[in-house]
Amino acid sequence: MSIEAKNENKEFKPLIVAFCCNWCSYAGADLAGSSRLAYPADVKIIRVPCSCRVNPLFILRAFQKGADGVILCGCHPGDCHYSTGNYYARRRMTLLFSMLDYLGVENGRTRVEWVSAAEGVKFSQTMNEFVEKIYSLGENVRLEDLRCKKN
Amino acid sequence: MSADAKLAQQIREISGVDTRKCMKCGRCSASCPAYNEMDIRPHQFVSYVQNGNVEALMNSKSIWKCLSCFACVERCPRDVKPAKVIEAVRLSVIRQRGENFLSPDEIPALLDDETPQQLLASAYRKYRK
Amino acid sequence: MQRIGVFVCHCGTNIAGTVDVKRVVEAVKKEPGVVYAEDYQYMCSEAGQQKIADAVKNEHLTGIVICSCSPRMHEGTFRKAAEKAGLNPYLVEIANIREQCSWIHKDMEEGTEKAVILARAAIAKVMLNAPLQPGESRVVKRALVIGGGIAGIQTALDIADAGYEVDIVEKTPSIGGRMSQLDKTFPTLDCSSCILTPKMGEVNAHEKINIYTYSEVEKVSGFVGDFSVDIRKKARYVDMDKCTGCGLCQEKCPSRKTPNEFNRGLNTRPAIYTPFAQAVPNVPVIDTEACIKFKTGKCGVCSKVCAAGAIDYTQKDEIITREYGAIVVATGFDTINLDKFDEYYYNQSKDVITALELERLMNAAGPTGGNVVRLSNGEHPKNIVFIQCVGSRDVTCRGKSYCSKICCMYTAKQAMLLKDHYPDVDVHVFYIDVRTPGKNFDEFYRRAVEEYDVDYIKGQVGKVSEAENGRLLVQGVDLIDNRQIKMEADLVVLATAIEPNKDVRKIATMLTASIDNNNFLTEAHPKLRPVESPTAGIFLSGVCQGPKDIPETVAQAGAAAIKVVGLLAKDKLVTNPCTAQSNPLFCNGCSACEKVCPYGAISYEEQQVMDGGVRENRRVAVVNSALCQGCGACTVACPSGAMDLKGFSNRQILAEVDAICR
Amino acid sequence: MTYSYFPGCTLKNKAKDLDFYARACAKALGFQLEEIPEWQCCGAVYPLASDEIATKLSSVRALKDAKAKGQDLVTVCSACHHVIKRVNDDMANVEEIRTKVNNYMSDEEPYNGETKVLHYLEVLRDVVGFDAIKEKVVNPLKGRKIGAYYGCMLLRPSVTMQFDDPENPSIIEDFIRAIGAEPVVYPMRNECCGGYISLKDKPMAANMVDQIMDSAAWKGAQELITACPLCMYNLRNNGTKEGLPVTYFTELLAEALGIKEEVQA
């Protein structure tokens, strides 16, 4: 991250939503916690049973409501508690993220990461990296739902 | 930070080696072909730096004996890279104390008809700055 | 009108240290729907739970939020507390303000602010929670044990002795596992076979135990209490019922060049073979890769000599499908491949062997009849060098980062036995640390040093090569004496790192059991649930969970058995009510959900639907809640928004998103 | 196939024959070596310290030149190979070095370790193929018992060099077989010969050379081959006793291909 970017966003506090699957990544986040591996408080975790539970709409809603970054964490490929859920998530997110990029939400603001229950270190590292990335990108453009637009 | 600790920190930075990773197994010293020529041994380099005793290393003749053959790096089970520590000490000696191990005046006497350019180039790299 | 209560736990100072709990209480009181909020030292304690119960009753709460540790820790506790107080347990939500807040932040301001937001998200969610009723599912009163080593044997015996049926599936032709390859066991030096073979016999004779040897698990479906497993019984080409185990076929078989797996390739075996003399069952198998009959069509010697007529070249693999209530993984370990450790000369010299190979050499039934010799020339070794931690505690790509745990003890054992059998030998052990936690373990190791004069050298070996006289040249270091050693040796024994059996990844995937970076199976809790996998109904026994010695393995095997018995003793299981459900009114019958369901829980049926006053027959999705595990894949696949997940509904998650992004 | 070729300082001087034979054999085997224009000495030792940038620049310049031409970079000298390959690895994987070097060079296009660095022996093994060489051999070196001397720089650290099994290499033995001779495996073939201390510490170098020579002779080698001019110098000149003859591997290759006289002329 460049020094200029840092100064520019001195007051910028990013809002980051992390969707974590219950079996691997949420447990990985717990492990990061019990190992006291710090990451910024900007990250707020929402627990879902599986990464495949994350509807693209949830992510759009987050951006619409002012999130600056959204990260989805699931079990490693092959390790999904429900066998194949993370593969669906991966495919769906690939499509969604390219669409978001097209809409002006840069690819850096979205991320899919595989974090196992044993990877507290990776969880914390990933979150630190992601937050840093969001800092470097600055405040997000807010998606608007035109259906709700008055006038 | 004491002068000793500062020096040790500097060695860690130049070498890029995290001396805490060493588990003191000795496989570096078991592999070193120059072991018997050294007064302080490869595994001790790592622990001396860890303990902030770099002064002794800088006065050691071992830094001129290490062959940079990387046998210690290859076999280290903890990825510590003792050869880099030795190199960092050697560089510190040359850079800070200007203690060149080779002076241009002595070179002619060291040469023979066969001496490859490579030997001079490497000696200059290793022994002087 | 919802009436929500919020309970903020201090967890001693674990939470209160970085989160101002009083401020959290004040903040959540302002949230719409919240009618009650309080904080307490330990919410999970008896007294804490009582506070929740009292509030539920006095304040007529319709939902509660606990701001505490991870739901993975105490969600069950608080749900039970709610239920006791007369509230549906699924009207409880947890805000994780410990693991995901107080423990990772240092700044009180930051921690408090985040805790409030997490609490808000949980409040927003609980406002939309609906009471859920768990269903019931059956418990098949039979257990499957995968692996027939000492871990599997002990687990099977303990379950069977409690009165339940057990099947053992073992990949090799006989049960017995690694323990059957060992000569003596530490620290008592009793003979491994002498204590193992009676157990093998017991398993074989037990009326509740059924053994499938030379068999592998091929497919697993279902869930806790009700698994369905396909077992491939590989063709033995020997009729198990007819064979008398006389061994004549093995004696006469003309193909004798296959490396003997049981003896770690130190000698060869015939194409028709039992792995070892005490094999259970004592029925050979034909290795078709080596069998002349199978390769060329000509031979048939075994068939000719078999008086019982048991040889059957036409046998085919057989798939058996069985149902189980519980599955125990006991797949054990192997030693790592040493191809990346050529400095130890293992692949180059016959006189460099692994410790497991030495077990076979020391064993009276082994390839040398118990004579420890140099395999290069058959001579008796005079100087023997042991090298510890070969590939263990090695964080590079060559080795394993963990301690293999058993090596220090078996090395002391082997060193002592060698000195005992051959008083003229010198034994040296290069070690990094000697690790001997265990009853009578350190005393055992000290005996090797003090009574048997085994020379322990604190240091490692850099290289083993050939000396000019044909012996081995060991170059190592003695860190205490600070000298490099060049020592000639006749035999070098490597304490090779152990790793989980290669098949375990495949099996874990079938079972959806989690596995760590080293391929060890993960336990549900490292301290409090060490023999259970996080996947319900899957249990762990032996080294598949982590390195351990025989006593530990047997103890864990028994623990796994009692967990299985505890499960099988139940008549019914309560199922997870957080399952998917489809709204027939929105369903367009497209089958998108059915295709992504990993459990086959979704089917289609014709239903009469009232749509806008019009009665129609439509093809709509129906979820079988007994099969649905609640992953939610279908909810996202559904294009019309008909499919939703109870407990994690679209509205609930969106409410959480909104609360966080407010 | 045309490769960018980095001969290095010694091959232009004391090790001319290593260079001549390499070029001639390449031609005979159907690949071209295009010498990098105005290459600079690689420095002969890889700068191990993480704060050395200037000493890596000459390697990067050569690597960039090869990248611009879209060619792989081939070296013959073990030391050059070691230095350039490791610098290339730094440029690909070590963010700090990459940034500093690119900033220093301030060219428009940054270099990120794209060039593939090959040792001449790797070209023989992986591109030409030892079987193909065998077919082109007109003068097989029958009956000659040759020990391969690997030394350290080709093999270690194996994580970066990716040349062969560092503890039990086989590439030069396979090469020896391809030219019709009999390889002799001996324990000291991958031990350091002490080459670069031979300037200041002759006795130490002598001791190491003697050990290598003894080891090879005991296993029945009648001669040694090497790819390193420094090893060559040290093994030939610094032992205390009459050692085995040492030649460059390219010379034997030329001999087997029947072009040695031609090159000499």
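Worth a mention:
Each chain carries a letter (A, B, C and D) given by its place in the written order, and its residues are counted from 1.
We take it that a residue touches a chain if its C-beta (ideal position, glycine included) is under 8 Å from a C-beta of that chain, and two chains touch if they have at least 3 such contacts.
Predicted model only: the values in this text are computed from it and were never measured.
The chains touching chain B as well as chain C are D.
Centroids built from CA atoms put chain C at 31 Å from chain A.
Note on chain placement: the centre of chain B and the centre of chain D lie 24 Å apart, centres being C-alpha means.
Centroids of chain A and chain D (each the mean of its C-alpha atoms) stand 49 Å apart. Counting partners per residue, chain D has 166-167 as the residues that reach two or more other chains. Annotation for chain B: residues 71 touch two or more other chains. Touching pairs of chains, sorted by label, consist of A-C, B-C, B-D, C-D.
The residues of chain A lying in touch with chain C in their complex are 15, 17, 22-24, 26-27, 29-30, 32-34, 36-39, 41, 44-50, 52-58, 61-62, 65-67, 75, 78-85, 88, 92, 116-118, 124.
Within the complex formed with chain D, the residues of chain C that make contact are 341-343, 347-348, 396-397, 463, 465-466, 468, 473. Residues of chain C touching chain A in their complex: 70-73, 96, 98-101, 103-107, 110-111, 113-114, 117-118, 121, 509, 512, 514-517, 522, 534-535, 578, 596, 598, 629-633, 635-637, 645, 648, 650, 653-654, 656-658, 660-662. Residue ranges on chain D touching chain C, taken from their complex, read 159, 165-168, 187-188, 218.
Put simply, chain B touches chain C in their complex at residues 21, 23-27, 29-32, 35-36, 41, 43, 71, 75-79.
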